[in-house]
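Letters A, B and C name the chains as they come in the text, with residue numbers starting at 1 for each one.
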Amino acid sequence: MTVLDKPARPAAPAQGTPPRGRRGTAWLLTAALAAGLLVLVPVAAGTGAYPIPVGDVLGSLLNRAGLGGTALDRVAESVLWNVRFPRIVLALLVGASLGCAGALMQGVFGNPLAEPGVIGVSSGAAVGAVAAIAFGFGFLGAWTVPVFAFASGLVTVLVVYVMARAGGRTEVVTLILTGIALNAFAGALIGLFLFFADTAAVNQITFWQLGSLAQATWPKVLGVLPCAVIGLGLAPLYARRLDLLALGERPARHLGVDVERLRVVLILVIALLTAAAVSVAGVIGFVGLVVPHLLRMMAGPGHRFLIPGSALLGALVLLGADLAARTVAEPAELPLGVLTALVGSPFFFWLLRRTRRRQGGWA
Amino acid sequence: MKGTDGIVRRLRTRLAGALLSVLALTLTATGCGGSTKAAPTAGKSSSAPAGPNRLEPLEGKPEPRLPVTVRSADGERVTVERAERIVPLSGSLSEIVFTLGLGDRVVARDVSATFDQAAKLPVVTRGHDVSAESVLSLRPDLVVAETTTGPQEAVDQIRAAGVPVLFVKAAKGLDDVGSRIRTVAEALGVPAAGEELARRSQERIEAVRKNVPQNKDEPRVAFLYLRGSASVYLLGGRDSGAASLIEAAGGIDAGAASGLNKDFTPITSEALAKAAPDAILVMSKGLESVGGVDGLAEIPGIAQTPAGMDRRIVSVEDGVLLNYGPRTDQVLKSVVEQLYGEGGAR
Amino acid sequence: MRGVLRGGRLSRLVPSRPVPPEPAAPGEVLAEAEDLRVRLAGRLILDGVGVHVRAGEVLALVGPNGAGKSTLLGALSADLTPAEGTVRIHGRPTTAWSAPELALRRSVLPQSASLSFPFPVEDVVRMGRAPWAGTEREDEDDAVVAEAMARTEVTAFAGRPFSALSGGERARVALARVLAQQAPLVLLDEPTAALDLRHQELVLRLCRERAAAGDAVVVVLHDLGLAAAYAHRVAVLRGGRVAADGPPSEVFSDALLSEVYDQPVEVLAHPRTGEVLVTPRRVP
């Protein structure tokens, strides 16, 4: 009799040496990512076009926390607290959201090449934003564009999902094909809006599509915060079920996963994370694609590390990218979305080649 | 999947490219092609031009003496034989032709020609998408274009069809007002009218300049190009075209002063805070896109400048700000009033 | 890590943690189909099938291509919704169970094993333990996983990514995952298809062991010799119906098999052991 038999016997000694290396790597990486953030956040807080030494930043922080320190002069204080800090926080939130959404997306579709753009959240959100700009909607003030982006992004995902469902099930192929069709439709709509928009609006649309955190404010941070917190909080709960989904829909169901429900919940979480990020920061590509990839290469595909890890690395990457965007060409500001795509796409090519060499394909 | 992404990405790349060229083209010469709908802005009552958006043409209608042969700004020699059907490809050039008293010979307009007299004309271009076929369908006998007008292929096609195309050097400042008027008038065979209008315009500008308050502390004015509150804003530099206007109004162009030589540079919020301008010059549509003066004063970076804290904002309608033509005195007057007076857009 | 899993349970809220089944009594019916009709893409694949699967026995499903073997297995594993008739697992209709409850009661080996991400072999096998997460049996995970890998002879490449394995190795890893699930009802769809002779024997020996330990095993097979050697009972399917059901020694006859397969077949006794041998009659 063996432990495979029931009723269970006391555990037999494990045979062979199970590969613990990867789990160790995961913990090491988590620690490294956290350390990276602990280093980069103060660096970002102390760097910028407006000269505020790190010591002064610290002093101002302590002062506000009521622990001594000294307040800076009026302008420096305002630059620090109303320009730099909200921007840093927004970069962290948007980066974490995009990274996490990318990891979830790839898990849900069982396709390592999937990115939030595939099921149409990004372009759906873009349609709303572009429409708001092109037709000059302004009834929600500065919030009009973000609100439109968010609403249309969510609507798009729901439309994709409803259209891709047949007989209470969702085939991945149908889902992705529907996403493609909707993406194309969204692209056409954007083109149409651009055609009808006046030059000023075309410029505004172009600016928006380039993606930027330049106009980060605390209200924007507060706008993203609930979406990001809910999304980032829910995502890790589904890690183990996402692992099982890698076996395929049926095997996952055989192992007790309610696949349909899992998919609905995760798609909503993805929509929440992506649409929120896109609505305040415009279209910032490649973070959702490259970040989970890199981590999967280093620590394996297990989602229990991949999901929180992608949020951490996403935050780190976007904070770094934004720091570069606002300091490299000082006083000029580089477009953040362009920067991430510029660095991200060659990196992704390298990943592709490397993975193909190592594993003979995507499996 | 890759296909669609490709399309979206291509669109994005194209947009990125277009952004630079569109800005360079629109802003510098044609006065950032405004829109057909002249949207009124909050607190914009004293924005230029004051009162109705009408031109004031010269007395009498000069009769063109043609043919004339002139040198176009692109180096070509252009012979104008008739001037019965004129197509100016920018609002600024339209303004000159109309003010010379030849408005009844103009058969189409660019979208940036927003004044009342041109309102009924069909829109043939929207700044930078000149279509040879659209232009030729109007059977023009003279096309007047800015040196920044494109694409080159369309212009070549128009010329190949036997229609003379006169390029006029894009305006960079107040000094260009006279020369642009004279160039257009000469090509239209009305040099005397051109001389008269150039003199009238210069005199009016001088009159406004006399009334500019003599400050010990010249205000530093940042010319910002804003489009929505979701993205970056651009700071005008030495070649933005606004420097001359700001200096004439007794201010210092903050962008040029901080060493920006390009026309426009996307600038970080902190760099703007560091530049600390006393006033901000914006175009009315840009102001509108960020939610008016209230919205502008809250934008990170602007809120930290003296201009933002004092809400010292100067707003001028997009279609006329950088036109440098017969109405520039009104623009300058409005800028001066908003910069120093109580009537500023606050 | 365990904390995260507990959180995973919290998010489920309703229904609460599924209750594992009591050990089955020998001979107890763990799965049954009654008058089962299944339509796929408008075509009637199963036309009035009735089978019982009992604890302690290996049931082999055999028959020609398109007879409905895999469809019947799919219906028994609650993948397919019957057009008519009922399928009961552990006495209750399949629709009355939740997915987590079913996962504690039946395990399924699909015909082909694929994986979206390059998980290492050990992680794949460990996925079989998912239904037990949060129960006291979770503590046995390491031992069960190691044992399942040892029995299927995959321990040697426990650390290699699944995607780097050969077809036969993948099939054994998939089987190890199914064994690790420790469900009383084991449904295997052509587990021997990609395997060499030695591993075919190994897999069916494992089936017998599971049956001996009190489980019910259903296995779809093409090799009638293997079915004859290892199954307690075979169900011969033809055109969506059960043509015969019983011990191989009773069911396998020249006449039945020749008719069902539309190919002359000879059933012999092994000259030395007396085992049932099935071989096609070939025209020289």
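As a convention for this text, a residue touches a chain if its C-beta (ideal position, glycine included) is under 8 Å from a C-beta of that chain, and two chains touch if they have at least 3 such contacts.
Treat the numbers as computed from the prediction; the structure is a model and nothing was measured.
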Neighbouring chains shared between chain A and chain C, ordered by label: none
Core chain by centroid distance, with centroids computed from Cα atoms only: A
Mean-CA-position distance for chain B and chain A (Å): 41
Chain centre separation in whole Å, for chain C relative to chain B (CA means): 78
Interface residues, chain A side, partner chain C - complex: 1-8, 11-19, 21-22, 110-112, 234, 236-241, 243-248, 250-251, 253-259, 296, 300-302, 304, 359-363
Chain A-facing residues of chain C, complex: 1, 4-5, 7-8, 10-11, 18, 23, 77, 79, 98-104, 106-108, 110, 113-120, 122-124, 127-128, 130-131, 133, 137, 139-140, 142-151, 155-156, 158-159, 161-164, 179-182, 184, 209-210, 213-215
Contacting residues of chain A [partner chain B, same complex]: 48-51, 75, 78-79, 82-84, 86-87, 113-114, 117-118, 122-123, 129, 133, 136, 138, 141-142, 145-146, 176, 179-180, 183-184, 187, 190-191, 198-200, 202-210, 212, 214-217, 280-283, 285, 326-327, 330-335, 337-338, 341
List of chain B residues in touch with chain A within their complex: 1, 3-5, 7-9, 11-12, 15-16, 18-19, 22-23, 26, 32-36, 39, 111, 126-127, 227-233, 235, 258, 260, 265-276, 285-286, 288-291, 295, 298-301, 303-304, 318
